[in-house]
Structure formats: structure tokens, C-alpha cells
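Note that the chains take the letters A, B and C in the order they are written out, and that residue 1 is the start of every chain.
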């Protein structure tokens, strides 16, 4: 009986160790050194990236790769406080594009998880056979070099001196910014109701804005209340217009009689910089044949933007907002350097859209 | 006003458990009735310079009723802790001062509230203040310790200023004026 | 007072023409007479019907011996032992809050009387000027509300006249005299055509409260963009951005430039600096440029990338 227990414990320990080895990608790591197919080579590389073992990943690359370890790490793990630096590789889908005896091209769709959701990075990797082993050729990443320079910044900033709470009732105060919902559209999407539109800061001071919507039944009672969360530009400068989108998952349009909208604006200190140009915007198909709105972001200021979020509003031919989508850019926006972006457009929206407008939310570690 | 704890302690003396359970339920029900806010009817007909929104009217009536519930509780128990929920500014300061002095003098006041007819007089255009007059039917009993020293059972008229907060309307000023019978 | 009323009630109830009625009346009167010495120790209170807040006064009390005096007010409670047969002195601080007060005098029994404390002369104004920013030339856009309080912050319910004096940054000022109603006076006026500070002062007697409203430019008017070459780029620049009254839109106001060329659409939201909005953009071939400020659209121009 005593030996039986010891035997059971030993077997259980071995099984757990084996599971842990599998989980940590041990099998894939083993496969790397014996990658007999191009897909296996890419899978093994992704496994190393997933476990943050960049040195091993770099060592597994084909010697023809024209890159060095720091560049490889920067390319894969991000830099300059970008969103990628806070993300981790969740999964990688590998599919061969074409192959011959010694060389192949494999498409890898990396799915990175981050605090703001998942990010996709699709790359077509060249894989070469070396003896019996396939190795990935990692292209040299082209990091735009910002020439050393002094950028003079003459930016506007608003500070707020609030009312002293100890002052008597009725003492002079500054009103909250005046904002206006310029359009609102309720649409039915699979499994949810979506409220979308645009809101304008009509005031002469910046506003920190939240848009909430309450769906109401026929008797006027509320069904559910939701906010726009990150599907809005919360800080709006004077006369700036932002799209917003509020999702109500699990609600059917037939149950909704009316919608109560509430745009609340607060007076906040803000800066008019950075200005980000959105250039070369065009609707096209991406590598996975999805409809996307692509373009480049150019930070026209002198200070890096760590994380940028693109918000796009799509209009039909009558000028009505029919969809709002967003996408985070996982690279930092260095001054004057174009950074590509792409945001998804649902197929049915892509067929109906006549026009679109893009704005950029930005987050900088040193900004307020 | 006895707390639930006091009543349940009293009930523990009863040896029969089912009687205790029934008694506890009864005590909770009795307390919830005792703490129910009074009836408040708001008349905002012809309010100027800004008309009242339906939701605002409902909110004001509800919070004014809660204010009287809290006020009655605070004057009876000489505990000003609950006043901050519904009172602010002059009204809160005055009531807190009165309760402190009541407590010091050993007095307490019991209000039997028979309801309030609230009439809105003025609603500022920015929505930041509303003036109302309240015709209240109150029975006000003043005790020194346990000795009843005065009972008032006459109509009372109050001039009220209410101002909005984040999620409610607060009573900012509450002054009794000469009631017109 | 309470005792006398009770006796009167008893007597009126027994008023009847019958012999038994008269006999009962006599018996009750005798009974009251017997108990009179007991009641007589609680003296009657005769305070003034109304008192001005913060005014000391006295309540004469007849009788002899000692009694407990209570004064129950909105924010003040008094409990003290007093000697009967003199005046009860009420200090100014004991009646500083307006409202109904109960004066109670107890020995073996209690008598009470109530009196009203009314607000004193206006001494404070709670003055609300709304909004703090207003676009120029907007009718009925400025609201002023004044609540009149005395020096103890009691609302002054007796009618007073509030003088609202409006002083624009430029141009002549004017005033409006508004009587209070339940202690409140309010007025409404229009913003003038020029941006800048407008001071509004509420005056009642010698009390003044000043507030400021900032008149700001209205929506942009005749928004005009032009393109100038800037190295390999094209600089897009607006004329000074003004409203229809000629007031400059404040710096920081966002102007949106949109360029459509062969590479697609490009947009830049740029804030106005020193009165104009400016950005640089690269253009591929012929391009179509438009400009907007909020919901106001400006002119459209065609430019060439080789400009």
C-alpha cells in the first residue's frame, strides 16, 4: 500500500512535468532544431517569441537574415513605450503560401493580447532549407531614423483654476464645456444593438467627454445603460468632432422603443499638441482579404506618442454615420515618421460607405 | 427610535424560536414603516423662468421626502450623521448645530409627519437652484429626556432652496415662515 | 395661554340653559379655582409675535420662584433655569436664524408660546451669472440670479430691489432694476457683438457682488484656406479665422484640413495658433483641399503636388 502511493505520486509528478513542458512550448522548441517543414520552423520561432526567449529565437533564424539581435527584439517586442511593449503573443496561425524544394513563403498571423484588446500582425516570412532543417529568414526591420534635431514647440495649453470648495455658494465659477451630439444612429448588428454618431465640442475650451446611452422600453423604463468607453476621443479641443460608438450586447432592436443620450463634459487641463496627420487614407483589402481602412499616421510634433488609437466614422451617401470602428497602433509615433495603420470595416458597411473620417487618440507617458 | 438591534435583543428573551423569528420580521417591518419617507406632493405649475423636467420633479419630491425622513430621525436621535445625504450648506450647518445643542441640553424632538404640499416658486435658467414653499402637516413633540414639554400640531410653512448634486437634489436652505392657516 | 384656553373650552361646552348645566358650570369653576394655585406657578409667556434676526429682546414673566426655560429654534436650543417675576433676556445670538421659535417655560407644568424671527437687512448676495462663457450676439443668453441674504445668511423675504449693472469691455454699460420675489431676483440679457469680458454686478443697498462672463467668438465665418509651397511639402494655411462679427476665434480651436489626391485622403486636425491654422502635408499630383471648423465648412481649392 505504501509503495503503491509512492508509485502513484511519482507517476503523477512525471505527468504534470510533461504537461508543463508541453505547455511551455518544449515540444515546439524541440521541433525547432528538427524543423522538417517550413510551417514547423515558423511555429517554433513563434513559440520562442511567445515565451520571450528572444535569444533562442534569434539563434534559430537563417544566417542569411540581415538583422541583429537588438533590432530583432525591437521589431518583435516593440520599443519607445509603444503598445507592443505592453503586449504578449497569444497565438500564431501559420499557413503556407508557396514552397519549393529549398525555399518557402509562410504567412503568420500573430495575435497579441494587450490591455486594450487583441492586436493582429500579419507577416509573410521567407523560410529556407538548410540540410534537413528549415529556418526562417527574418528581414532586416527598417526603423525610421529620426535625425538629431531641435524641434521648437509652440503649443497651446489650457490650465484650470477651479472654484475653492470653501467659498460660499454662488461664488464665481467656470462652466463645464458645452458639447453637442450632432448625430445619433441606432443600428442592429448580429447579437447586439449599436448606438453611434458624432459629438462636437462647441465651446472655446477643451472638454473631457463621456457619451452614455440608455435604451428604453415602450413604457419608458430603461433596458440598459452603456458608455462609449474607448470608442470615442474623450479629450476634445474646441470645435473638434469625435465619432462615438456604444455597444449593447445581447439586446434586440425590437425591444427598444427609444434611446436617451447623455453627453457629459468636464473641464480639464489639456494640451493642443501633438498634431497627428492622417495621410494616404484608402479603403482596401488586407492580406486576409478583409475590408480595411488603411493609412499612415504622422506625428507632426516634437514629442513621441507612445500609444495611438485610430477612430474612424463611416458615412453613407446621405451623410449619416453608419459605422464607427477603431484600431490601436502597436508602434510608437516618433516625430515626423509615418506609421501605418489599418482598421477593419465590416463587409456590409464597406459596400454602403460613401465617405469616412478618421481621428487619432493619443497617449504619451509624459503628457497630461 | 429603537434600532433593530434593540428590538431583537428584547425578542431574545422569548424562549420560543418561531416567535422570535416572527418578532424579528415584525420588527424589521415596523422599522421600515417608521423610516419610510413622508408623502410629498410637488406642484410645479407655471414655474418660471424655466419649466421643470418630469424627471427633475420626481427627483426633487423623492429627495425632499428623504430629507424630512432624515431630519426627523436626526432630531429624534440627536445624531447628525445622516444629514449629509440630503442636506447641504446653510440647512445642514444649522441642523447640525441644533442637534449638537439638543444633545447638550438633553432635549429631543419627535416629528409625526402627515405629509407635505410642495409648491415650486422659482427654477433658475441654468438649473442650478430651485426655490419651493412647503405646506407641511406636522406634529412636533419636544421632549426633555423622556418628559414631553411641548406638542405642536399646527400647519407649518417652510421656504426651501434646493440645489442639484451629482445624483440628487440637496436641501440647501430650510426656513420656517409664518404659516397661513 | 394653554391653561386659559382649556378652561374656556370646558366652560363653553357646559354652556346650557338647564339647571344641571348651570350646576355643572359652577362645579367646574370651583374645581378650576381649587387647582389655580398649582397652575399659577407656571407663568404665561408673551414674546413679541415677530423679531428681527440677531435682535436681543426680553420676554416678561410673571410669578415667583424658579422655572426651566427652553428656547427651541432652527439652529439654537436654550435650556436654563430662570427666576420668575422678571424678564427673560434673549440674546442676539440666540435668535440669529430666521424661522419659528418655541419658548417653553416649565415648573410643575409647562406653558409655551411661539414667535417668528424674520431675516434682518440684506447683507449678502448669492449671485449666479450663467453661463461663464457665451458666444457674441446671442439673444437672451446671459442669466443673472441673485438670492438676497441677511448677515446671518437668512433669506430676506421682504421685497428688496436688486440693481443688475452690466459693464461690457467696450461700449456703454446699462443696468436693470429687478424687485425680489421671495428673496430672489433674476434677469436675462443678450450678449453683445464684441468678444471680451462683461462684468455684471448685482447691487442691493450697500451690498455688491460682481461676476464676469466671457463673451467669445461665435462660429467661424468665411473660412478660407490657401496653399503655399514649403520645400517638398505643401503648407495649407487659413486666413485669420474670425466669426461673422469679426471676432477672432480663440487659439486652440481645431481646424480640419482634408486633402484628396491619388494616394487617398489625408486629414489633419490642427489648432489655431496666433489666429490662423496651418499644417504641412505632402501631396501626390493634383489634389483637392477642403477646410472645416467644427460643423462649419470653408472653401475648397485644387493644388498640384509639384507646386
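Throughout what follows, contacts are C-beta pairs under 8 Å (C-beta built on N, C-alpha and C of every residue); 3 or more make two chains touch, one makes a residue touch a chain.
These numbers were taken from a predicted model, which means no experiment stands behind them.
Asker: Would you mind telling me which chain pair, A-C or A-B, is linked by more contacting C-beta pairs?
Answerer: Contact tally favours A-C.
Asker: State which chain is most central when centres are taken as means of Cα atoms.
Answerer: C
Asker: What whole-number Å value describes the gap between the mean CA coordinates of subunit B and subunit C?
Answerer: Roughly 23 Å, centre to centre.
Asker: Rounded to the nearest whole Å, what is the centre-to-centre distance of subunit A and subunit C, using the mean of the C-alpha atoms as each centre?
Answerer: Whole-Å distance between the two chain centres: 48.
Asker: Indicate the whole-number Å distance between the mean C-alpha point of subunit A and the mean C-alpha point of subunit B.
Answerer: Inter-chain centre distance comes to 52 Å.
Asker: Subunit C: which residues touch two or more other chains?
Answerer: Residue numbers touching two or more other chains: 128, 130-131, 147.
Asker: At least two partner chains per residue is the criterion; list those residues in subunit A.
Answerer: Residues 169 of subunit A touch two or more partner chains.
Asker: In subunit B, what residues contact two or more other chains?
Answerer: Residues of subunit B touching two or more partner chains: there are none.
Asker: Spell out the residues on subunit B that touch subunit A in their complex, using ranges where they run on.
Answerer: 89, 163, 172
Asker: Once bound in the complex, which stretches of subunit C touch subunit A?
Answerer: Listed in rising order, the residues are 124-133, 147, 209, 211-212, 216-217, 220, 249-256, 263-271, 273, 279-282, 293-295.
Asker: What does subunit A use to touch subunit B in their complex?
Answerer: Contacts found on subunit A: 169.
Asker: Please output the residues of subunit C touching subunit B within their complex, sorted ascending.
Answerer: Touching subunit B from subunit C are residues 50, 68, 70, 72-79, 97-100, 102, 104, 106, 110, 112, 114, 116, 128, 130-131, 143, 145, 147, 153-155, 157, 181-184, 186, 188.
Asker: In their shared complex, at which residues does subunit A touch subunit C?
Answerer: 154, 156, 158, 168-170, 172-175, 178, 182, 200, 202-206, 237-241, 272, 275-282, 295, 300, 356-359
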